[in-house]
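Next come two complexes built around chain A: one with chain B, the other with chain C.
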Partner chain A sequence: MTAAATRTRTAPADGAAPPAAPPEGPGPTAARKRHRAWDEVPRWQIYLPLGVYLVFTLVPFYWILLFAVRPAGSTSLLPWPMTTAHFEKVWTERSFGVFFQNSLLIGIAVLVSTTVVALAGGYALARFDFRIKKGFMLALLCSQFVPGALLLVPLFQIFAELRMINSLGSVIIAETVFQLPLSMILISGFIRNVPPSLEEAAWVDGCSRFTAFRIVVLPLLRPGLVAVGSFAFVHAWNHFLFALMFLSSQSKQTIPVGLNTLMGADSVDLGALAAGGVIAAVPVVIVFAFIQKWLVTGFSAGAVKG
Partner chain B sequence: MTIFPGRRRAALALALSGVLALTATACGDDGSGGAGGGGTEGSGKGKITFWDNNGGVRTDVWKEIIADFEKANPDIDVEYVGVASKEVQSKYDTAIQGGALPDVGGVGAAMLAGIAAQGALEPLDERLEKSSLFGKLNKGMVESVKAAGGQDKLFTVPTSASNGVLYYRTDLFKAAGLQEPSTWSAFYAAADKLTQKDKNRFGYTIRGGAGSIAQALDAMYGQSGITEFWDGDRTTVNDPKNVAALEKYVSLFKKNTPAADVNNDFTKMVAQWDSGEIGMLNHNLGSYQDHVKALGTEKFRGIPNPTLDNGTRVMVSNPVDGLGLFSSSKNKAAAWKFIEFAASHESNSKWNKSAGAIPANTEAAGDPWLQEAEPTKLAAEVLFSGKASIVQLPYYLPDWNTISKADNEANFQKVLLGSMSAKDFADDLAEQLNEAQAEWKQQQK
Partner chain C sequence: MATAVTKPPRAATARGRRRTGATPRRLPYLLIAPAALLMLGFIAYPVLSVFYYSLQHYNPTKPWRNGFAGLDNFTKIFTDDPHFWGTLSFSLKWVVVEVSLQLLLGLALALVVNQTFAGRALGRALVFSPWAVSGVLTSAIWVLLYNSQTGITRYLADLGLGEYGTSPLSDTGTVFWAAIVADLWRGVPFFAILILADLQSIPGDLYEAAEVDGASRLRQFFHITLPHLRDAIVLSTLLRAVWEFNNVDLLYTLTGGGPAGVTTTLPLYVAETSVDAHNFGYASALTTVAFVILLFCSIVYLRLSKFGGDSK
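Let's turn to the complex of A and B:
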């Protein structure tokens, strides 16, 4: 590991301020022109495509809501009369209450473990140069091409050896491992966007590397952390394969596995299936509603610089 | 400048040890014997695990049966694991490779050969001979699962059978002045008459997505009147009569069915039939309760598949469901007790009543509920009366599940869409089946 790696590529090595550059890109006049051109676009050309897209997006959701609240046997296209019977059925009889808790636990654990490990790994990738760095990055990227199903049997055998089959831990570990490469790459991108000179200033003030990271860098990574964390949570929440294969007891199963059991070999309870779908979707919708602002900032920040 | 050289070496050594340890772990054997072996008779007490191969939909009735069993056998605990039917094959396959099979599991005839070929199931012939169940199970179903296992051994105790059913909307038929579609001619005429595309009404809904092959085979053999799947070592699938029947059947697509049917799996097919105005639907007994919930008992009937005009009825066999005892079980005695209990008169009757299926237990098949569930009663009559010819599909071929699903469903969609001829489809299917049959025969030598 070399200290040179800690230097920024954007700031001069001697710490001198860069010479003032002439303003680049469109100035206020250009912005005004662009704004005027935007104003001249007829409204229908904006709202019609958006409306069509919205219909395509919302109709399936409406279908799910309709079936979830409509009494069995009803063919009405309106959710009236309304019933909560399907929700009660899946929550209690079909154990979705338990599945929900398990999914939540797995999602939060994967969120925390992925974010913490990706933060450490991403920092190393962004700030240090080491001999196999390029190869390591390549390996991280290549790992994204390996489908989980391919590793199912070896993973199953490993967890069986570790007596972790039918333990939520097996799913948490497997999910975290599969999330880490992408998360690490994203976080390293976010960290590269934070000028190392900020950290160096903190070191000069007597901070250790860790303290400087915690006080100076970490707060600036908030959008990136939200992006990576939410991505990890949602992926773990929705992921089906590992939970299906590694967990057997009814008391350990997760929402996606539970949803799948609502479709029988020859029969399907559409009301219960739709209610289960709503229960599965609600946390994801809530998460995205709260983090939307940071998510967009986070992903665009990570995308700017590799 | 190199920093922390000592730590780097230590970290490298630690990482290397970790990799080696994981590799060694991955290559290890947990002692369960993977596919089989390692099992013991056990004390007949303690805990056993049961995997339901149609989890969710049948969970309630299984839990009831398990509660009854535990009451009768207080020394045995049964852990119920419901596995979705679509995933059960991969769950079994992974557990066979990874070595974590249950003690007892539901195994349908369609996947029986594949699992038995991996040595995961215990032959049950001897246990059955000594059991109170002996002589009380439907002989046809016992023979069917024996044949499906592919080794002339009984690998599952049969519990239920289903059969192809033609569901039709009595209200729509009455309004159109149509008679029951009991013959193929009446079926096609009704499909035509009930179709009013401008009003989004269709005479029939065809299965174009997952599960389409079995339904197409039912229509082919039902119309051609061919009663054997094999003619020597060659399949009759691509017999010209079957090809002609297939051409007629797929001609319904878009003419008398919704265009979206090309992607119809049973879920979509049943959903649109239950909630729309479609005249007829082919499915098995399993969806009967769904139709009752959606339409009540007054608006539809379920009758056996149509006959030819001369009254000949030919249908393809449906997979018989059963319970298997896994060879890796450490408590086979308790597991067998559970299988015996689940296949006994009371439990088998309870389960099949809930599923609307035909009981394997002959005493259960005589229970009054069967007379009240019309489609089940009619299907049982057809199946056991000897008045219908049942074409036995080759469930014993380990490749049957792949050939009849993943390998040919896309081709069937091509036939529906007109980019492949019915003859090419049937020839292709026949070639795969002939190859699989030859390979299987070679393995039997």
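Let's turn to the complex of A and C:
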């Protein structure tokens, strides 16, 4: 426990450090130095608020798990005896198996397309001066104010024109587009943190610009790309309106739409709703567990400061 | 940043000639082209068409009225719309309450988990975990919690808090705070994560120096921590405010704008007008108004907070 207590996270050194800095700290000495002033906080001042907040955070999770696994009609507050009946029901009868597949497909496609397109654009913004750069940056920022929900009708018309209504492609494109601006701003920030001299050294050694980027820059961008990619995935997995609007047939719909249908039923089957919710949470929880430690470092590596 | 590299050095070696595909002049344009085209087609064009339709009567179910409307739609919004001012003020109330509570709780949480203590990694992972939960899933969870028969409200009633047989979502007096709590549950981690990231970039010597000078922890917070966090706080509150204003997932699925329309935000109202009532022209005018309000508030906010200025 003492080892855990003296460890701390790397403070990204004033923008110059590549974002690949390991998430765990610069060693006990520096850690103690950085936190010395704050180390004297009485323990109860940490554990009491943390405990209270944890109750608020975890009770809802517990509640949905409880409803998902306890038999219908049971009022027990402990998840025992356990049943998988609700899961079987939503997975087959309520088509969550199909929804799951669709959501996964959309999520992965959005992850890949957002990361690739934003990486190309972010590199241009970070490494070149070109005529429309300022205007383009401004457009990226302004697009943050454009509410996707308010563009439903024109977007619907566009996809109808492209004959893409009721195809997963429409949702993939729409989600990607609304993920792009922020992803590009973040990625260009990460690339700026990689000293250009590293790339130049590779050019001198005879690498093409692309090879130099792939060998030298890309590995250093990993934590940032993981953060941006998981953002895109989680966002696409979670988002609801585009799928609700653009996908009409049951076989094309996604998990959030399915959940909404369960909630909107005349008499809500709470067990099925809870099981559907747990299914909706699983991939997100996995992604979150995987990236959690990179999230904070990924952000601090110049993300907020652009 | 000024360190942009405009072109690779033209090394005259044989291997250097492999960089031929795109000249550095065209390269940046090629690189931003996919993003730019996507954004032109699926953001800029829809936005322009919204502006265009805002000046039109356009309703596919009433084609005989379609045509140029001038400022009719806008006049109607400000003078003759029974829902506009109500939904707008609800939106503003929602955004202000949500963002300020999320910021305060997120800041407090970040300060706590920035300390060194046993079990910190687990503690962080757990308190941050609702960050990734969707609006619809949040609704599903809180529908279960607020259920009048089997929800947590029943057990709270056992303890003497609240009444039996009522759901906070079905009462016009409690629905606002019920929805606020549900959205806080998943919104606080966003601020906590961003602020924690920024806290970690404060040099420790500042606190040491303050300590030497005998500054209390409260003074250290107000004179070191808060000024350092200012830009991050300004930017994250702004992004979050825009996001909360535009976000319809949670309220649409949790309350559906009800009961009796008391939780209908402006975007929800727009969605109803365009999707359910097919009144695209009028909905477009409402969208334009919402857009202008957002832009205006954002500019005022950035000015007032002196974003990017020297922190003291």
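Side notes on the structure shown:
FYI, the second predicted complex is superposed on the first by the 262 of 306 C-alpha atoms of A that agree within 3 Å, B and C clash if a C-alpha of one lies under 4 Å from a C-alpha of the other, contacts with A are read in each partner's own complex, and residues count from 1 in each chain.
Keep this in mind: contacts are C-beta pairs under 8 Å (C-beta built on N, C-alpha and C of every residue); 3 or more make two chains touch, one makes a residue touch a chain.
Since the structure is predicted, the reported quantities are computational estimates derived from the model, not experimental observations.
Per the definitions stated earlier, placing chain B and chain C onto a shared chain A by superposition produces a clash between them.
Shared-chain residue A:267: touches chain B; no touch with chain C. Contacts of A:75 after superposition on the shared chain: both chain B and chain C are touched. In the superposition on chain A, A:46 makes contact with chain C only, while chain B stays out of contact range. For chain A, the partner touching the most residues, choosing from chain B and chain C, is C. When both complexes are overlaid on chain A, the residue A:165 reaches chain B alone and has no touch with chain C. Of the two partner chains placed by superposition, only chain B is touched by A:250; chain C is not.
Within the three-chain overlay, chain C meets chain B in a clash at only one of the listed stretches 94-102, 130-138 or 148-156, and that stretch is 148-156. 1, 4, 75, 152-154, 157-158, 245, 260, 262-263, 268, 270 are the residues of chain A that lie in the contact sets of both chain B and chain C, per the superposition on chain A. Partner chain B is touched in their complex by these residues of chain A: 1-4, 72-73, 75, 93-94, 152-154, 156-158, 160-162, 165, 244-245, 248-250, 257-258, 260-270.
The touching residues of chain C, when paired with chain A in their complex, are 1, 3-6, 8-9, 11, 13, 15-16, 18-19, 24, 27-29, 31-32, 34-36, 38-39, 41-47, 49-50, 53, 105, 108-109, 112-121, 123-137, 139-145, 147, 150, 152, 185, 193-194, 196-198, 200-205, 207-208, 210-211, 217, 220, 231-232, 235-236, 239, 242, 245-249, 252-253, 267, 270-271, 274-275, 280, 283-284, 287, 290-291, 294-295, 298.
On the chain A side of its complex with chain C, the touching residues are 1, 4-12, 14, 31, 33-39, 41, 43, 46-47, 49-50, 53-54, 56-61, 63-64, 67, 75, 117-118, 120-121, 123-130, 132-133, 136, 139, 143-155, 157-158, 173-174, 176-178, 180-181, 184, 192, 196, 199-200, 203-204, 206, 208-209, 234, 237-241, 245, 256, 259-260, 262-263, 268, 270, 273-274, 276-277, 280-281, 284-285, 287-289, 292-293, 295-297, 299-300, 303-305. Listed in rising order, the residues of chain B touching chain A in the complex are 1-4, 8, 22, 25-26, 28, 30, 32, 49, 51, 53-60, 79-87, 90-91, 94-95, 97-100, 102, 108, 162, 266-267, 270-271, 275-276, 283-287, 289-290, 293-296.
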